[in-house]
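Per-chain numbering from 1; labels A, B, C, D and E assigned in written order.
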Amino acid sequence: MIVGQGLYHDGLAVNSHGTFAELAARCHADGPENTTFAWVGLADPSHTELSDVQAAFGIHPLAIEDASGADERPKVDLFGDTLTVVLQPARFDTESHHLEFGQITIMCSPTYVVVVRRGDVQPLAKLRRNLEAKPAQLKLGPGAVMHEILDTVVEGYYPTLEHLYDDISNLEERIFSNTTGPDPTEDIYRLQAVVLRLTKAVAPLNDVLKNLRRNDHPVLTEDLQHYVADTDDDVQRIMDTLSSDRDVLLSALEANLTKVSIRQNEDMRKMSAWAALIAVPTAIAGIYGMNFRHMPELEYEYSYYIVLGGIALICVLLWRSFKRSGWL
Amino acid sequence: MIVGQGLYHDGLAVNSHGTFAELAARCHADGPENTTFAWVGLADPSHTELSDVQAAFGIHPLAIEDASGADERPKVDLFGDTLTVVLQPARFDTESHHLEFGQITIMCSPTYVVVVRRGDVQPLAKLRRNLEAKPAQLKLGPGAVMHEILDTVVEGYYPTLEHLYDDISNLEERIFSNTTGPDPTEDIYRLQAVVLRLTKAVAPLNDVLKNLRRNDHPVLTEDLQHYVADTDDDVQRIMDTLSSDRDVLLSALEANLTKVSIRQNEDMRKMSAWAALIAVPTAIAGIYGMNFRHMPELEYEYSYYIVLGGIALICVLLWRSFKRSGWL
Amino acid sequence: MIVGQGLYHDGLAVNSHGTFAELAARCHADGPENTTFAWVGLADPSHTELSDVQAAFGIHPLAIEDASGADERPKVDLFGDTLTVVLQPARFDTESHHLEFGQITIMCSPTYVVVVRRGDVQPLAKLRRNLEAKPAQLKLGPGAVMHEILDTVVEGYYPTLEHLYDDISNLEERIFSNTTGPDPTEDIYRLQAVVLRLTKAVAPLNDVLKNLRRNDHPVLTEDLQHYVADTDDDVQRIMDTLSSDRDVLLSALEANLTKVSIRQNEDMRKMSAWAALIAVPTAIAGIYGMNFRHMPELEYEYSYYIVLGGIALICVLLWRSFKRSGWL
Amino acid sequence: MIVGQGLYHDGLAVNSHGTFAELAARCHADGPENTTFAWVGLADPSHTELSDVQAAFGIHPLAIEDASGADERPKVDLFGDTLTVVLQPARFDTESHHLEFGQITIMCSPTYVVVVRRGDVQPLAKLRRNLEAKPAQLKLGPGAVMHEILDTVVEGYYPTLEHLYDDISNLEERIFSNTTGPDPTEDIYRLQAVVLRLTKAVAPLNDVLKNLRRNDHPVLTEDLQHYVADTDDDVQRIMDTLSSDRDVLLSALEANLTKVSIRQNEDMRKMSAWAALIAVPTAIAGIYGMNFRHMPELEYEYSYYIVLGGIALICVLLWRSFKRSGWL
Amino acid sequence: MIVGQGLYHDGLAVNSHGTFAELAARCHADGPENTTFAWVGLADPSHTELSDVQAAFGIHPLAIEDASGADERPKVDLFGDTLTVVLQPARFDTESHHLEFGQITIMCSPTYVVVVRRGDVQPLAKLRRNLEAKPAQLKLGPGAVMHEILDTVVEGYYPTLEHLYDDISNLEERIFSNTTGPDPTEDIYRLQAVVLRLTKAVAPLNDVLKNLRRNDHPVLTEDLQHYVADTDDDVQRIMDTLSSDRDVLLSALEANLTKVSIRQNEDMRKMSAWAALIAVPTAIAGIYGMNFRHMPELEYEYSYYIVLGGIALICVLLWRSFKRSGWL
């Protein structure tokens, strides 16, 4: 599906009606000091649509292959003069606590930028409106579009990091609170899986950005390199956070195990205290239940009440001492 | 055993009857702008067969030595003009949950490609048919055959990864389900071993691919380098997945330990609750079993029933309170 | 808010009244052998204030962007001739045991140094007074100011490290003391989080200092490079300490788990010993409570006292043997 | 002790009688196109013997120092024209399950190779016979001897790896078998120590081989470099195996802890089930042991048998339900 | 405090009386082919003493700053022509099981070497005597003194490593012996801290030695580089040992936890067995304590003895079966 089609001259949107081939022709017509480029957006395109753009703009077949797949690792490739960037936008579904991933493939040369989006994890409609409102930036050419999308995808990881932060804070509260609740082990484990999954998507961006900064492809002007460096800082920050999240969750798992052991010990002490409280009357009663002929206490009129009182007293004293020593 | 023998000119299969020496002669006869090459496939060859190909195509003796061994680490070697690639295809036996490994040694120069397969982990018969159906690719020469095999072996790791993924998902379900079943520790441990074993086979491919990309051997044309880069991406993805699988399994082991501790605590609480339920009547009965002469309760006609009722009441109340506090 | 404004010529403070533009003009008026520079300090500046300095000194817009944000990762950037350094000063709040972070952005060229501070974690008022007292150092130009701030921020991490050291020592005492107290798991966990958080702030300084040392920006004279190397040593020492703190806390978590297990075992043994002490009289009393007609012991006049004495004796003997074997 | 002395010309052993000095003289007499070299083997030599060879062949004093020590780390050194390689052969004593290490120092220049062996971990007598049977190899000069020894030492690590593999397999069986046996913790721990110790001996070989491959010392001809590369592959494989052994043993330790916990829980459940089986008759008997005057059941003639039967029935039912729920 | 003062010409000690300035003058008087140098040793010097040497020998102020501090990280600095090396000698106090650290700063140029020692962890008096006895070495100039001190400090770590080795062996014995003793957790933890602390002191030596080897400072002659390489080997060996010690101690902590769990289980089984031994007579006695009118056993004359005998028999049988199954 074609979701956007634009033609830009000197940073300004111009009439962009027509077939892809017509757009391409108008870009090339611009001469050597080219400042016209086409920006085409496709969402989950059919094979026909992809062949159409390929033919119209003369994109390298291997670049189109990257755009056709649905689960590519983030990467930068240079096929002929087509610079290709594959990205994996992510969205954290707060309902199911799962990460969803999409794929965005950006193919550009000085005269065109074709963006192929798979899934609806990261819609890009707003992005075109935003960029069209900044002609100074659009003037930098297809590279500016590429960087803007890259930046949007990277920025899009932050909400997930915030969800992770909130979830970890919640977990900590659950682990260290003294009220009993469902065991957090599974939730810690699930968060670990999310962190690992996100790391898998973000880590290759290190190489992507390093490649973009080293590359002297014509679409990456010096002005753009500063912006790419900025995005690189964001990626570093995300990696730092993910790495520290991982360490935190590992410690949480271990801390939780300790807490479980401690709670187990407390339960055992409580039980044992109650057992002692019951065992004492049983033992005393057993003694006065013996059948010896000569047991003078049995004869006294108030013995029974005295013994009952004694048992009650012992139980109260035990109860208080257990209470004081924290066993009850 | 010779399992395949072909002669290709300009990407098309031509008459390939004859001895190895005849094939080699026809390839060399092609002149400097060589577009003819022989592709010989051997499975578990005898020493004689290996010496035959070596003599016919003039392969370096050390390359042949690599092909003779059965448990080589994946690697690239350049002996004279013979480029040698050793690969370890893997197959996950879903019955025994074990990994099986084979070995494929590819030796090639501009005029021949000799493929020696050990074990039947990765059959290559289909591969020849597929490549013969793509003359454009075969035209790229022996390097195209080498890459196709490399790619097939790498692709062949994916089913194992999927089995691992399924097994890990199953394990998670078992760890975190509340129904009791056999302890998953051993299965976690076995999966860890599989992941480690597969990592050992895949990790050297990093060096293999780096070497192939840096090498400017004549069989590795520029067109092929793009395909090699693609395979490199696959290897990176496999390594990422294996590394995250390892982390996941480590956490699973620890999570399972916590779950075992928690279940232990629950069992202990259940037991203790039942013990209390039995201890209370024992203690009360003990008291009325004492032999004091003056125990007025003993004389009343309905004492026994009252005490029985009291015991029953206490037991029911205890049972309900244990039930409510989750101990039963 | 403008918190400081100064003009320095040959290391000495000169009349610095006037607008930013006037200051800038006076610096530029100094000619090619420039030894005059302006030093402006801003705290949590408004957008207007930032635009003012930018316009007056001709700072690159991207540098100003860094200074506007509040949570940047420490980094060095070179925009045109503006050298920008972003730092994250830290302060450990001993009350809440939390780390607080601020941000300091230093922008400098040979004629000016603009320092933008966010938050009040690291006040810089004293720093200006100190530097003005050392004309020899100030003579080295804006780079000297930049290094002094960098050094102050790095030195500012040491008190936090000392707090960590004290807290870890306290924890160790709590873990290994035999008196019972609140479980230290949560405190270990919190310290781990502090260590991770501080590492996240300090680690990027490695790159910052490497960049400063490699950079041949005119403000970084050879004399200053020695001081930068010294600060680098400090950063290495901080990283070493944080890394060893992390390992120590991980071990503390595990050691604590072991200690909890051991204490649990001691509790269990104590309980079991007491249970045995009560069970023995119960059993003996049960035997003499049997109703056999022919139980000669029951008839003897002193049987009861003998049995009571026997029970007491057994209990004392058991108690002593439990005491000796460490169960009580 | 001199354990071997040989003179080789064009790959063939020639008359080698005479003092070291005579051997050295004959080697030097060979002229610039030198194809004669001496190969001297010493085992645990005295200081005099070492000084003798040093003087005779003109070995650098620091090289001799390496050969005198007994616990050097594997390394390559170049002193003047003396190439020195220090190796640590290992042998796994299957009786005591300990690793024993020896030391082999190889010093060579184009005219001699002196091999000093400490301990009898790796006898080299067979090696000389084997090499003398391969004149083609011996023709490559002292480097061929050096490589052969290096290869023999590296190959000598494999039997230890196989012992480790067998021991680990045994451990796994013990951990996961359901029969009770001695706890495998200590054995896991001992194997970890062996793996660490062997890693310490093998890891420096990475640098050794890297150095040998980069070095263009005259004894390392191009032909030999292929063999060195082969040995490098072996070292990589050994390191891979050791690293995976380490991970496996860490998991085994943790898996064993889980298994211990599970067995503990099973024991506790078994005990508790038996306790319940005994507690029930005690409680019932207690009730009928009460001394109420009006307890009609006591009067019926068959009450006793009914109660005994009831107790037996309850016990059987409990026993069966425990059996079914896996507690017994 | 000045602890040593010497003047050396061609490797021999010459008259060294006089002030520092006089010594310096005599060194400089030696002309361009300088073979005279002064060696001054200071222990915990005052500021005045440091200024004196600085003035006399013309040492760079930043080098003196390094020598004034007391807790510098090991490092190499080059200030003007002053090569500065900071070292951290260590001593293991076998009484308190703590590591003590000192500091040694060596400042040298071709005409002088000034050694500043803080603390008495590593006395250097013997070192001067030893070197003066080896004129050949002293002839190599100030670099020889620097290397000798470096080597002495590095050698000085070995006794600590040996103490660690002994302590770890002791720990292992305590963990795996079956006799009960104080829990080794704290000792393991303390040793881990010592290992981490020593690693922190030794690790920077890697950089120190790398710097010395790359540096072509005139005091580091080619002859000395071989000795530096030797010291580098020592540092590698120490790092290897520390790294393996760390792994061993981590495993020891985990193994100890497992052992504690197993001992806990054994205790629990023992207790349960004794509980069963007492519960059985209680239950049987309870049954014969019931008050049924018709309990024929009660009437027989020898019932009591039979029951007592039966109880005894059951207890003996239980005891034997518990013994056999290892519960007692």
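We take it that contacts are C-beta pairs under 8 Å (C-beta built on N, C-alpha and C of every residue); 3 or more make two chains touch, one makes a residue touch a chain.
Source: prediction; values computed, not measured.
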Fill in the blank from the handout: Sorted by label, the chains bordering both chain B and chain E are D
Problem - Whole-Å gap separating chain C and chain E, where each centre is the average of the chain's CA atoms - result: 26
Practice task
For chain A and chain E, let me know how many angstrom lie between their CA-based centres, rounded off.
Solution key: 42
Completion exercise
The positions of chain B in contact with two or more other chains are 254, 257, 261, 264, 268, 275, 279, 282, 286, 289-291, 295
Handout entry: Going from chain D towards chain E, every chain in order around the ring
Key = D, E, C, A, B
Problem - Sites on chain E touched by chain D in the complex - result: 172, 175-176, 226, 229-230, 233, 236-237, 240-241, 244, 247-248, 251-252, 254-255, 257-259, 261-262, 264-265, 268-269, 272, 275-276, 279-280, 282-283, 286-287, 289-295, 326
Completion exercise
Residue positions on chain B within touch of chain D in the complex are 62, 72-73, 75, 77, 79, 180, 183, 185-186, 188-189, 192-193, 196-197, 199-200, 203-204, 246, 250, 253-254, 256-257, 260-261, 263-264, 267-268, 271, 274-275, 278-279, 281-282, 285-286, 288-291, 295, 297-304, 307-308, 311
